[in-house]
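Have a look at these structures, which come just after this line.
Common to both upcoming complexes is chain A, partnered first by chain B, then by chain C.
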Partner chain A sequence: MTQWRGEREARDARIAAGRAHADGKVVPAGSVVDLLEAVLRPGDRVCLEGDNQKQADCLARGLAACDPGKVHDLHMVQSGIVLPEHLDVFETGIAKRLDYSYSGPQGARIAKMLYGGQIELGAVHTYLELFARYFVDLTPHVALIAGVSADRDGNLYTGPNTEDTPTVVEATAFKNGVVIAQVNQIVDQVPRVDIPGDRVDFVVEADTPFYVEPLFTRDPAAMTETQILIAMMAIKGIYAEYGIRRLNHGIGFGTAAIELLLPTYGEKLGLKGQICTHWALNPHPTLIPAIESGWVQQVHCFGSEVGMDRYIRARPDIFFTGADGSLRSNRAFCQTAGLYACDMFIGATLQIDLMGHSSTITQSRVAGFGGAPNMGSDPHGRRHPSDAWMKAGREGQVVGDPALMRGRKLVVQLVETFGEKLVPTFVEKLDALELAKKIGLELAPVMIYADDVTHIVTEEGIANLLLCRDADEREQAIRGVAGYTDVGRGRDRAKVEELRARGVIRRPEDLGIEPLDADRALLAAKSIKDLVHWSGGLYEPPAKFRNW
Partner chain B sequence: MAGAHAASTDPDALSWYEATARQRVVALADPGSFREFLPPTERRMSPHLPLFDLPRAFDDGIVVGRAKLDGKTVLVAAQEGRFMGGAFGEIHGAKLVGLLRAALTLKPAAALILFDTGGVRLQEANAGETAIAETMRAIVDVRAAGIPVIGLIGGRAGCYGGGGLIAGTCSRLAVSEGGRISVSGPEVIETNKGAEEFDSRDRALVWRTMGGKHRRLIGGADAFCADSVSAFREAALDLIGRAPAFDLATLEAEQARLESRLARFGDCRDATDVWARLGVNDPDAVPAMDTRAFDETVARVREADHDAR
Partner chain C sequence: MESLTFRHTTKKPLPGSVPNAITGVVASGNLEILLERVLPPDACEVAIETPIAGYGAVWEAVVADFVARAQPGGLRISINDGGARPDTVSLRLLQGARLMEA
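== the complex of A and B ==
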C-alpha cells in the first residue's frame, strides 16, 4: 500500500522529540545543541540561514557543537558559507554535501576543502537559482533561521534584514519540514509579523544578537580620482545615452562613486529625473545625497545595511517599509526585480577575458556568485519594452526581421585596468578555468558570461560590445580599453582606431570629458561624516567607518 | 595629479583633510607669496628607497619654503601624507631641519609645520630617527630665539610616531576633528597589547582617543579648527599672537600641567570618562558635535587653555 503521509509523520516525530527541550515553542539558548540533536536526522537537507549580510550565528554555533555520532552526513543547502562554523561542520563529519551560493570571507578555506575532498559539492548557484531549487529538488528538511524577535506563538519579526527568510520558510514549512528560528529576544507582541507563527516550530532566544555584515558601505574618503573618472564616463556615456531609469548597482567603489556624482556631475548634465529614479538596491549609504537631492523615486532592497534603519524609517516614500515603520527587504523578490524590471546592471569584477567573460574567482579562492549573475544577465523571459531596453536591442541586432527584434538588458562591467596590488584585470584566460580543473568542477565558475555583457568601462574609455559585429571586433574593443595591461598592449592599433571612429570605443575626450576634471571635489560627500550630515543625522555608521 | 588643476584654491572651500601638501601651503599663505626651497625640479630624492624597489618623490614628501601670512614673513613646512604616509626619511627630515635652522638667520615671524605623518619611514629608519631628534633640537633653538613654532594638524595620516614627539615640542598646535595626534598608532597598540586593550578597527574609539576633539579638550592642542584651509590660517595667526615664551617658567608649567593631568585622568578607561571629569555635561555627544557646539563646550573646560608648553 502506498504511504502518502510518511514525511508528515516524520515531521511530527521530529517536533515531538524537540518539544522535550522546549517550553511550548521556546527553547533556551543553552539547549540549542539538545534541540538540534533531537530534531535532525542523519542525511537531512538543512538550510542554515546566512547570506552576504545576516547570519543565524547562534544556531550555526549550536550545529557545529552537535555530536557527530548523532548528527552526521547532513546535506547543507544554504545561501552563504560565511562563518567559520559553516565549514567546521564539514571537518567534523556533521555535514557532508553542500549546495550554496556565496562564500566571500571563507573563499580560500572552501577552495582548500573542496580540493582536499572534505566537501562533496553539489553546485555553486546564484541566489535565485538556489531559492528555486528549494522548491524542486533541494527542499530542506530543517531550516535554521534568524530574526529580531518572536512571540511565544512563534510569530517572527525579522526586522529590516528580512532577506532570505520568507523564501527558506516557505519551502520548508509547507513541505513537511521543521523551522527553527533564533531571535534576539522573545517579546509579548512583535512589532510586525514577517513570518506567521504557524510556520515556525521552535524559537531560540540567542545569546547574542545575530550578526550583520556592513557589506554595502563604501567610505567616500577612499574614493580615487580614477574611480571618479570612470564614474563620469559611465554617467555621460551610458546612463545619459540610454536614459537608464531602472537599475541595480554592484557594491564596488566605482558604482558608489556614481551614486555620489549624481547630485553634482549629474545635476550639471541636467540628468535629474531622466536617470536613476527606480532601484533594486540595498540601502547604500552613498545613495543618501542622491535621495536627499530628489533624484530617487523608490528603492526595493535585498537586505538592509547597518546604520541605515533610522534614515529608512524617515523616508517611507522611498523605501518599502512595514506598518511598524522599518524596512521590509526580501532577497528573492529583489533579485527578481533586478532581473526582470531593471534595464541595467552595472558592477565590478576581478577578471575579464578577451571575449568579455568575467569572474571573481582567483586561483586560491572560490568566492561564489551571490546575486551578480542574476542581476548581470539578459532575461530572455522579459516581455515589456522600455526606451533603454529597446535602444540596446537595436544596437545589438545584426540580422533578422526588425518587427521581431527584442530589447536587451544593459550589463555593464566597471573596472580599472589594474586592480588591487596592480594585478591586471584583463587576462587571456580566466583563473576560474584553472580552478575548475583543479578541484573538478563540471562547470567553470564564470560570474557573467560574455554574451550577457554589453559594455566595459575602464579609465581608458567605454567599449560598447553591442556594436561589435564579430569575435575579432569584440576582442579588439576589449583590448582597446585594457590600457597598459598585457592584453591592452596586445591591441591592433589600426583596428582600435577604426572601432573608435565607429563609436564602439569611446575615450574620455570622445565623451567631452577632461580627465583632469575628475577630482574628489566632485563627490557630493567626501567622507562618512558628510553622509551623516546629508541624512540630517539619521544615518548611524558602524564604528569601523567613523573618524570622529 | 588632478588635484592642482581642478580643486579650488579658495581657502574657504578647500578641505584641509582632502588637500595635498602643496595645495595647503599655497592656500594658507597670502596669495602668490609662497616661495618653495628645493622644489621638485631640484630632484632631491631619497637615496634609500631604490634599494627596496620603491618609488620616490621628487620632493621626498615634504614642501618647504617661505611665505607671507597676513603680511608677515613665515617659514612653512608641509608633509605630504599621500607619499609613504608622510613618513620621515633622510631627505625629508633634512629639508625640515634645514628650514628650522634657517629661521635663526631669517628671523621670520613664525615657523609653521603642517604635519601629516605616520612617523619614521621604516626603510630609512636610522636617518629618520636622527631627523626626528635633529628637528626637536632645531625647534628648541628657534623657540629660544623668540620665534614661535606652530604645528597644524588635520591631514589623513594624522601626526604619529616621531611626528607626535615633534608636535610636543612646538609652541602651539591647531587641530581639526579629522586630525589625530599620538605617538604609537592604533595598530601598533593593538599588536603589542591586544584587541581587548585597543581595537584599532573601532575607528570611533581611535578618534575618541587620539582625535582632534580629545586633544583640544585636554589641552594637548591649543586651537580647534573646522576642516578648511581658512580655518587653519585663522588659527595659525591667532596662535602666533599668543605663543608662550620659551623659558624655565614655561617648561616648569608644562611639567606641572602634565603631572596633574596624569594624576587626574590616569585611571580613566575611555576618553568619555576624561571628558566627564573635565566637566563636559554630555560626553557621549562630543563626537557628533559640530564646530560651533564643540567650541562652546571647550570654552567651559578650564584645562583646555593654559600658559604652558
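== the complex of A and C ==
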C-alpha cells in the first residue's frame, strides 16, 4: 500500500523527540545541542540561517558542538557562509554537502576547503535561485532561523532584518520540515508578527543577541577624487541620459559616491525628480542626504543596516515599515523588485575580461554571488515599458522588426581600472576560469555575463556596449576605458578614436566634465559625522565608524 | 626603490609664472609632486622615486599622456611616490600643472 504521510510522520517524530528538551516550544540556550541532536537525522538538508547580515549564531554554535557520531553528513542549504561555524561543521563531518550564495568574510577559507575536497559543493547560486530551489529540490528538512523576539506560541518578530526568514520558513514549515528559531528575548507579546507561531516548532532564547554585520556603511571620508570623477560621469552620462528613476545600487564606494553627489552635482544639473526616485536598496547611510533633500520617493530593502533603525522609523513615507514602526525588509521580494521593476543595476566588480564578462572570484577567494547576477541581468520575462528600458532597447537592436523590439535593462559596471595593491581590474582571462578547472566546477563562476552588460564606467570614460556592432568593436570599447592596465595599453588607438567619434566611448571632456573639478568638496557629506547631522541625529553609526 | 626619469620636448611652455608648487602627500596609495619652472620653455623632465619596482612602462605612458595633454614646457617635476595608482598619478600631475598656471 502506498504511504502518503511518511514525511509528515517523520516530522512529528522529530518534534516529539525535541519536545523532551523543551517547555512547550521554549528551549533554554543550554539545551541547544540536545535539541539539535534529537531533531536532526544524518543526511538532512539543513538551512542554518546565514543571511547577508543577520546570523543564527547561537544555533550555529550549537550545531558545531553536536556529536558527529549522531549528527553527520548534513547537506547545508543556506544563502550566506559568514560565520566560522558555518565551515567548522564541514571539518568535523557534521556536514558534507553545500549549496549557497554568498561567502564574503569566509571567501578565502571556503576556497581552501573546496581545493582540499572537505566540502562537496552543489553550486554557488544567486539568492533568488537558491530560494527557488528551496521549493523544488533543495527543500530543508530543518531550518535554524533567527529573530529578535518571540512569544511562547512561537510568533516571531524578526526585527528590521527580516531578510531571508519568511522564505526559509515557507519552504520548510509547509513541506513537513521542522523550524527552530533563536531569539534575543522571549516576550509576552511581540511588536509585530513576522512569522506566525504555527510555523515555528521550537524557540531558543539565545545566550547573546544575534550578530548583524554592518555591510553597507561606506565612510565618505575614505572616498577618493577618482571615485568622485567616475560618479560624475555616471550621473551625467547614464542616469541623466536615460532618465533612470527606478534602480538598484551595488554596495561599493563608487555607487556610494553617486548617492552623495545627488544633492550637490545632481542638483546643479537640474536632475532632481528626473532620476533616482524609486529604489531597491538596503538602507545605505550614504543615501540620507539625497532622502533629506527630497530626491527619493521610496526605498524597498533586502535587509536593514546597523544604526539606521531610528532614522527609518522616522521616515515611513520613504521605507516599508510595519504597524510597530520598524523596517520590514524581505530579500526575496526585493531581489524580485531589483530584477523586474528596476531599469538599471549599477555596481562594481573585481575583474572584467575583453568581452565584458565579470567576476568577483579570484584564485584565493570564492566570494559567491549574492544578488548581483539577478539584478545585473536583463530579465527576458519583463513585459512593461519605461522610457529608459525602451531607449536601451533601441540602442541595442541591430536587426529585426522594430515593431517587435523589446527594451533592455541597463546593467552598468562601475570600476576603477586598478584595484587595491595595483591589481588590474581589466584582464585577458578571468581567474574564475582557472578556479573552475582547479576544483572541477562544471560552470565557471561568472558574476555577470558579457551579454547582460550595457555600460562600463571607469575614470577614463564610459563604454556603451549597446552601440558596439561586433566582437572587435566590443573589445576595443573595453580596452578604450581600461586606462593604464595591460589591457588598456594594448588598445588599437585609431579604432578607439573612431569609437569615440561615434559616442561608443565618451571621455570626461566629451561629457563636459573637467577631471580637476572632481573634488571632495562635491560630496554632500564628507564624513560619517556629516551623515549623522543630515539625519538630524537619528542615524546611529556603529562604534567602528565613529572617529570623533 | 626604483628611480625613473623621463625627458620630453613640448610644443609650448606652460602658461603662467608660478615658480614652483607642491601637491599631494606621501602616503600609501598617494604621492607628492614638486613642480619647478627651471627648464627651457620647450623642455619637461619628470623624475620619479617609487617604492614599487617593475612599473616603468606604465609610468612612461602616464607621463607621455600628461605631457601631450598639459604641454608643461619649462617644468622639472619630481615625484615622491607612495604606491599610487596610475589614475591618481595623472590627476595629481594635472592638479600640479593647474597650480603652476595660476
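Basically, the second predicted complex is superposed on the first by the 548 of 548 C-alpha atoms of A that agree within 3 Å, B and C clash if a C-alpha of one lies under 4 Å from a C-alpha of the other, contacts with A are read in each partner's own complex, and residues count from 1 in each chain.
We take it that a residue touches a chain if its C-beta (ideal position, glycine included) is under 8 Å from a C-beta of that chain, and two chains touch if they have at least 3 such contacts.
These numbers come from a predicted model, not from an experiment.
Q: Once both complexes are superposed via chain A, do chain B and chain C end up clashing or fitting?
A: clash
Q: Quick one: is A:4 in contact with chain B, with chain C, with both, or with neither? Answer first, second, both or neither.
A: Touch status of A:4: no partner.
Q: Just to be sure I read the superposition right, which of the two partners does A:417 touch: chain B = first, chain C = second, or both, or neither?
A: Once the two structures are laid over each other on A, A:417 reaches chain C alone.
Q: Using the superposition on chain A described above, determine whether A:520 touches chain B (first), chain C (second), both, or neither.
A: Once the two structures are laid over each other on A, A:520 reaches chain B alone.
Q: Just to be sure I read the superposition right, which of the two partners does A:459 touch: chain B = first, chain C = second, or both, or neither?
A: In the superposition, A:459 touches chain C alone.
Q: Given the touch rule stated above, what does A:483 touch, chain B (first), chain C (second), both, or neither?
A: A:483: touches chain C, not chain B.
Q: Determine, under the contact definition given at the top, whether A:225 touches first (chain B), second (chain C), both, or neither.
A: Both: A:225 reaches chain B and chain C.
Q: Overlap the chain B and chain C contact sets on chain A and report the shared residues.
A: Residues 225, 515-516, 518, which sit in both footprints.
Q: Enumerate the contact residues on chain A facing chain C in the complex.
A: Within the complex, chain A contacts chain C at residues 224-226, 229, 416-418, 422, 459-460, 483-484, 489, 515-516, 518.
Q: Under the touch definition given earlier, write down the residues of chain B that touch chain A in their complex.
A: Checking each residue of chain B against chain A gives 2-3, 5-8, 15, 17-18, 156, 177-178, 201-207, 211, 213, 287-288.
Q: Mind listing the chain A positions that touch chain B in their complex?
A: Contacts found on chain A: 221, 225, 515-522, 526-527, 537, 543-548.
Q: Give every residue of chain C touching chain A within the complex, in rising order.
A: 52, 55, 57-58, 61-62, 83, 85-88, 91, 94-95, 98
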